[in-house]
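Both complexes below contain subunit A, partnered by subunit B and then by subunit C.
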Partner chain A sequence: MKKVFFVLSMLFIATITNAQDKFFTKTGKVSFDATATKSPENITGVNKSTTMVLDTKDGNMQFLILMKGFEFERALMQEHFHENYVETSKFPKADFKGSITNNATVNYTKDGVYNVAVKGKLTIHGVTKDVETTGKITVKGGKISAFANFSILLADYNVSIPSLVADKVAKNAKISVDCSLELLKR
Partner chain B sequence: MKNTHYRFLALVTIVLFASLQIKAQDDLIGLVGEDKPKKELVKNAFKSTRVINGHSMEFLLPGTLDFRILHRFGQLDQGYKNFFGLDQASMRLGFDYGISNHLMLGVGRSTYKKELDGYIKFAPIRQSTGSKSFPVTIAAVAGMTMNTSDWSDPTIQNYYTSRLAYYFQTIIGRKFSEGISVQITPTMVHNNLVATSTMPNDVFSVGFGGRVKLSRRLAFTWDYFYLVTGKEKDVNHDPLSIGIDIETGGHVFQLHFSNSTGMNERAFLTETTNNWGKGEIRFGFNLSRVFQIKKNKKVD
Partner chain C sequence: MTSKKKKTITIILSVIAILIAAGAFYGYKEYNRKQKDISDLSAHFTLNSNVLITDFTKDEKASNLKYLDKVIAVDGILKAIDKDDKGNFTLVIGDTASTSSVRCSMDSIHNTEATNVKEGSFINVKGVCTGYTADELGLGSDVILNRSCIIKKQ
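Now for the complex of A and B:
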């Protein structure tokens, strides 16, 4: 009888501590830069409503990006991005499902900057590809932030650039991620 | 007996929590939950703010200037002597500006009758999705034209107001899908001065315009106006234009065939005298180039 209560209470404690493991944001920043050397203007867009969830226990992470959230300085560029390149109405969501491969080296309870390696699957424009990159996790006063920079080949995701502007749009898009996470309470 | 009972309970609890755990790891995003979709305007029903001749349900993006060059050539049936009409060209230059997602205005000048025109276009309701969505765009256009050519008879008393004409239009349009957009546009044109006493000053018409997208950058368009009044037999005809829109990334080319030569509402609604049935068709094109005047400040 006592044993059972002990097991049960341990389980409850375990789930409570488990709840402290997950961190999230709904206002993560993902920017995109496809400026080529011959581009007449900077081709940069930013999405400030990215959802990210990080499980600090095992390093699993997921991103959900609503493509329509990408905004550009130039309205026409924004229109072309959504209408002609990533076809937002056809493929409204992009996501990333992966994990931190060296999660054991990150101490989420101690302030510091930790270099991490991330591996996972990125889906954009309906195409899923394996992606590997390095990034940083910073812990400061109990707050966790995640940063990463990597580059993707647009052709990999079936994003075609018309030959007329082929030298004005970079073939590789630089993606940078900047998320400040908070504790996920359930 | 009691003991096994508790053991069973403990086992069930363990399994329950374990399964919860597994589910959580599979779908981390699911833990956060998605927000309700916000209200979002349906855009790009047409590639341009004109279907071909008539206004479309589309608005310029706020802070953008559209420079438009329009050409209408002579009749195709004039043959090689006039190079199928290309020897004769009539044109209109215009600037349109987008003030907000619901308001835009424009000015232009046509070579025909040296006519100036200007309009203001306002949409109280635009087609939208998400919460408080609406299925159609409802817009209103008010415009004015001014003939600036010399008086045909300078010996008589001429009034400045005789140069003016007005038009009022309602646009009800819907983008049914990514590929298909259709609109209806009841229109009224008022001429202050008409050429003969039998011609009415007010001409009522209903426009039917649409677009079918053929590919990401190519669309088939049509623009037809049914003249309800003001159609003199064997003189006026319903203007019908059929064309394609080509988007090259920066420019929109609208190539079309039409029986009308006018490039403002007064001209193409009250002065279309050619007949498709008799092969009196002209080639024409609109070229649109959009410039960003005011940049979006929300982006770093």
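Now for the complex of A and C:
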């Protein structure tokens, strides 16, 4: 009987700790910058409704982005992005599934800025590619935030830029990620 | 050259000049065009938040075709007001007993309207639908409206 009780309480504790491991946001920010040196203006768009989940125990993370949520200052630029380049009606979602490869070096219970390496699969425009980048996890007063900057080759994701404007749009788009996470309560 | 011929050439040249100027003006206006204020746009669909969620849950593909990029006015109970670290507000509308919601990310120029509403009240919000996230991550499923504003009652 004692044994059963012990096992049950261990299981209970395990479930509790498990619940404390996952952090998420639904208001993560992902920005896109395809400004080339010859661009007449900045080609930048931002998505403010990115979903991200991070499991601090194993470093696994997942992002989900609704592509229609990318906003640009100029309406024409936004229309080109959605209709001609990334075809967001055909491919409304982008996602990233990966993990922090040096998760053991991050102490999620201690304030600090931790440099991390992230590896995973990014799907945009219906094309999935392996992506590796470095990023930062900051822990401040129990709040966890995740940051990363990396660039992707648009051609890798079958995003073609018409030759007429080819030198006005960067071939490598810079992606930056800024997510403030909160504890996932179950 | 006869004076008649001269006159014809002048007319043709001025027409071309006017066309070029009009084209340049149109191009300039189009290039600088900003997003329209959401509060000035009329809604393609006006419906309850639960109806919108059910539509997407039943058939995401068909609902994407129907709702994506459209201005949608939803009403429902304001479950929560999410404020991020940059001060952007998101109004979470739906059945309080359910984990599914319509999440309305406020337009920057209408952002402060979110401070005038209370959780638990019945509200009307208008925004552009950007899609649906199914409950794959254990976070509940959501329909997202972007560039939202609160519809003022007449």
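Keep in mind that, in the parts below, the second predicted complex is superposed on the first by the 186 of 186 C-alpha atoms of A that agree within 3 Å, B and C clash if a C-alpha of one lies under 4 Å from a C-alpha of the other, contacts with A are read in each partner's own complex, and residues count from 1 in each chain.
Keep in mind that, in the parts below, a residue touches a chain if its C-beta (ideal position, glycine included) is under 8 Å from a C-beta of that chain, and two chains touch if they have at least 3 such contacts.
Computed from a predicted model, the values in this text were never measured in an experiment.
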Subunit B versus subunit C on the shared subunit A, clash or fit? clash
I'd like to know which partner A:174 touches here: subunit B for first, subunit C for second, both or neither. neither
Of the two partner chains, subunit B (first) and subunit C (second), which one does A:71 touch, if any: first, second, both, or neither? both
Contacts for A:62 in the overlay, against subunit B (first) and subunit C (second): which applies, first, second, both or neither? both
Answer with first, second, both or neither: which of subunit B and subunit C does A:27 touch in the superposed model? second
Applying the touch criterion given at the start, work out whether A:84 contacts subunit B, subunit C, both or neither, answering first, second, both or neither. first
Single subunit B stretch clashing with subunit C - from 1-9, 37-45 or 109-117: 37-45
After superposition on chain A, the subunit A residues reached by both subunit B and subunit C are 22, 24, 26, 51, 53, 62, 64, 68, 71, 73-76, 78, 89, 184, 186
Subunit A contact footprint on subunit B (complex, rising order): 2-3, 6-7, 9-10, 13-14, 17, 20-21, 24-25, 27-29, 31-32, 35, 40, 43-44, 61-64, 178, 216-217, 247-250, 290, 292, 295-296, 298-300
Which positions of subunit A touch subunit B when the two form their complex? 1, 4, 7-8, 11, 14-15, 18, 22, 24, 26, 44-46, 51, 53-55, 58, 60-64, 68, 71-76, 78-80, 83-84, 87, 89-90, 95, 162, 164-165, 184, 186
Per the contact definition, I'd like the list of subunit C residues that touch subunit A in the complex. 30-36, 64, 68-69, 82, 84-86, 88, 90, 103, 105, 128-133, 136-139, 142, 144, 146-147
Subunit A contacts subunit C in the complex at 22, 24-27, 29, 48-49, 51, 53, 62, 64, 66-69, 71, 73-76, 78, 82, 89, 92-93, 145, 180, 184, 186
